[in-house]
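Several structures are given next for inspection.
Shared chain: chain A. Partners: chain B in the first complex, chain C in the second.
Let's turn to the complex of A and B:
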């Protein structure tokens, strides 16, 4: 159960909200680099944290992210002409550079200084890895650029995708934190998905339906340990890091690439589920990349606007026969859609006053409390949140078998620290 | 057997004999005291056994735990100085007469 006012605090991220202000202290993924593939390519609409923006790449390759609407009379600059160092409104030819500064208002006399005084709201946007990142907060508080391992490994070692999820961001995040559902919802995929199958850990995962959860604090957020029975005198631990506000990683399986997510609010009733896969020490194979492109693993098959082809309008292509045959637990194909189908089914913003939490929800309770405290501390005392410092971001998920008498924090040691050239700790 | 006194919002008292080692939540649920649900059975995950411990007993009922503290912040209707999850108070002979106020509603 969560009190109404706290549910509202955590789920509302528009301008001027407390959680919105918290999000505006972090670099957030806004576009795949492939969406702005070359200089002077078509501009792209961006909606993030309930702000409507336009993104473009100018003639010199500089990225601009600014108010979607022309300062003149509010035309969407998605219709704009991206040419000769700026984005030009097609209505009356007003032109803006990548900082949102108007550089031409052609109808004005040449002696006029009018355009010098016109500037659209704009935000810095940078490319790191395959992702364009934006910072929507106070320029004086801008944190260092993102240092997540999936954007810092050498080229060819990472793959990133995104998909639209039609519910509030917190519902999606909470799915990323709650690993007890894997044993049920995703059980069919552990044996069949080429990006999951074949690991020893899968046997432990499927062999113990009652994982014990232990949640511990760490500098950037939480480490959520799920303990399952292994061989005599040993436990299999899956350790999921959550970094404030919206980054989670899935514990690895065998030598498969490691994966994780960002859950980015579009508005209060929609979010982008970002999914990445990377291997810390080797290139992804062609077969792996092909599987990821096809929507396997944590990815999904999407239309051109990154909405999954299986979505709520077609009941996610529910296949009850496959469910009966035991191929899928829920009847929905693919891990990403298994999650999003259920999270969207809760409604755009689930009423958490009606929920009935159990012991395996410990990570969710802790994460809500950390988010609440961080948002209130920022609002009331200006306290800088954690998670936006490079040291908080050099983190990895871990899968490990430990002696029964050893705590997981002690047992994993440095394994949860992302270190260049060092392989992931996995079973 | 140490006694626990549960007081509802109308001031009505219900006195329950608790076993030593039993939680204040469990004694209430076993005796059908209205207003204390204890849905998760004492796992500190539901927040439905909230009570306000009377001032004079506060120094005897032990400290609020970490997870309990989170749930008191997130899930209870009106957190006050005496707020506790009653599943986290274990009865001892020294707590005989422990008096707690029970909220009208556990679920907001």
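Let's turn to the complex of A and C:
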């Protein structure tokens, strides 16, 4: 249960909001690189943190992200012409460079300095891995570029996708932190999904359906350890890191690629669920990439605008027979849609004053507390947030068997630190 | 696929407008939570939490072997009686003392189907005697917990 004002604090991320200000201290994924595939390609509309922007790639390959609307008459620059080093409004020909600076206003005299005074609000956007990242905050507070392992491994070792999720970002994030739902909602996938099946860890999962949890407060966020019985005197641990404000990783299974998510607010009622898979020390196989493209694992099959093909307009293609046969627990196919169907059904912003949390929701409770404290500390004292430093981002999820009398944090040691060329710790 | 005639008959009903039609009624009584301090420093934490307004939460301390609890007013009460109508029990430890009491409480909760949680209040310490004292008996542990984690947990679960 959360008071209304706290729920609003955590769920509102537009300009001028406290949580919005917190988000504006981090690089956020805004586009897949494939959305701006070549120089002078068509511009793309971007809405993030309740700001409407236009993204384009100019003739020299520079990425621009700026106010969607022309300074002249408010026309959407999505209709613009991306040509010769800038984006030109088709209405009266005003042209902007990748920084948002007006560089041509054809109606003005050739010697006029009018352009110099016209600049659209713009933000830096960079390519790291398969992703274009933007920073929407104070330029003087810009953190180092993203160092997440999935964008720093060699080409061919990572795959990234995104899908529209039609609810507030916090509902989606909380699903990523809540390890206890996996035993139920995703129970049908361990044996069938080619990106999960076959690991020894799956046997531990299925052999102990009532895991114990330890929620460990660490500098970048939380480590959520789910503990199951293994061989005599040992526990099987699955350790999920959450890094503020919106990054989670899923513990690995066998030699399958490691995966995780970003949950990025579009506005207060929609978010992008980013999903990535990577392998620290080998190329992804063709079969793995094919499975990911097909929407298996943590990915989804989407239309051209990245909306899942199974969505609220078709009841997520509910299959009651598959539910009855036990192939899927909820009747919805695929982990991504199993999550989003339920999280969207809660409504665009769930009323947390009415929820009935239980003790096993402690991870969610603690994450909300840390988000609230970080947003308030930034607003009231200018306290630098965590999670935007390279050392916070070089993190891995872990699956490991440890002696029963060992702290899991002590036991995993360096395994949760991303190190180039070092395999993931997995069971 | 059949297209439902009403929006409320399909998944598209997940809008703010449709949320207004969710029926509104008072929630049932708060959880019957018991909070037990396992050492002196933990008792101070629990005593301060006790001063807040709660629904049906009750607060105690105990020492080995843990068959009796001591209320915040000093009354000694049997553990078994205090668990009769409870459904959640939170143990608080700062140093791992009274591990036998933790075991007694954990076992009593297990046979009664009472959810157990543990707060390991050891600021800055990821590994501690308190962790190992509570680990076998708490379905969920916060490590290291801060004092206000107890308040957050109790408020969030409507204790």
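The rule we apply is simple: the second predicted complex is superposed on the first by the 427 of 427 C-alpha atoms of A that agree within 3 Å, B and C clash if a C-alpha of one lies under 4 Å from a C-alpha of the other, contacts with A are read in each partner's own complex, and residues count from 1 in each chain.
Everything that follows uses one rule, which is that a contact is a pair of C-beta atoms (placed from the backbone, for glycine too) under 8 Å apart; a residue touches a chain by one contact, two chains touch by 3 or more.
In this text, all values refer to a predicted model and were calculated from it rather than measured experimentally.
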Clash-or-fit label for the pair chain B, chain C on chain A: clash
Chain B versus chain C as contact partner of A:369, first or second or both or neither: both
Partner chain in contact with A:344 - chain B first, chain C second, else both or neither: second
Chain B versus chain C as contact partner of A:269, first or second or both or neither: second
Between chain B and chain C, more extensive residue contact with chain A: C
Partner chain in contact with A:356 - chain B first, chain C second, else both or neither: both
Partner chain in contact with A:4 - chain B first, chain C second, else both or neither: first
Chain B versus chain C as contact partner of A:409, first or second or both or neither: second
Listed stretches 8-16, 44-52 or 98-106 of chain C, narrowed to the one that overlaps chain B: 44-52
Contact residues of chain A, present in both the chain B and the chain C interface: 1-2, 356-359, 361-362, 365-366, 368-369
Of chain A, residues touching chain C in the complex: 1-2, 166-167, 212-218, 269, 311-316, 341, 344-349, 351, 354, 356-362, 365-366, 368-369, 405, 407, 409-410
Residue ranges of chain B in contact with chain A within the complex: 39-40, 43-48, 67, 70-71, 73-77, 107-108
Interfacial residue positions of chain C with respect to chain A in the complex: 1, 10-12, 14-16, 18-19, 22, 27, 88, 90, 115-117, 126-127, 131-132, 135, 138-146, 148-149, 152-153, 155-158
Chain B partner contacts - residues on chain A that touch it in the complex: 1-4, 6, 353, 356-359, 361-362, 365-366, 368-369, 372
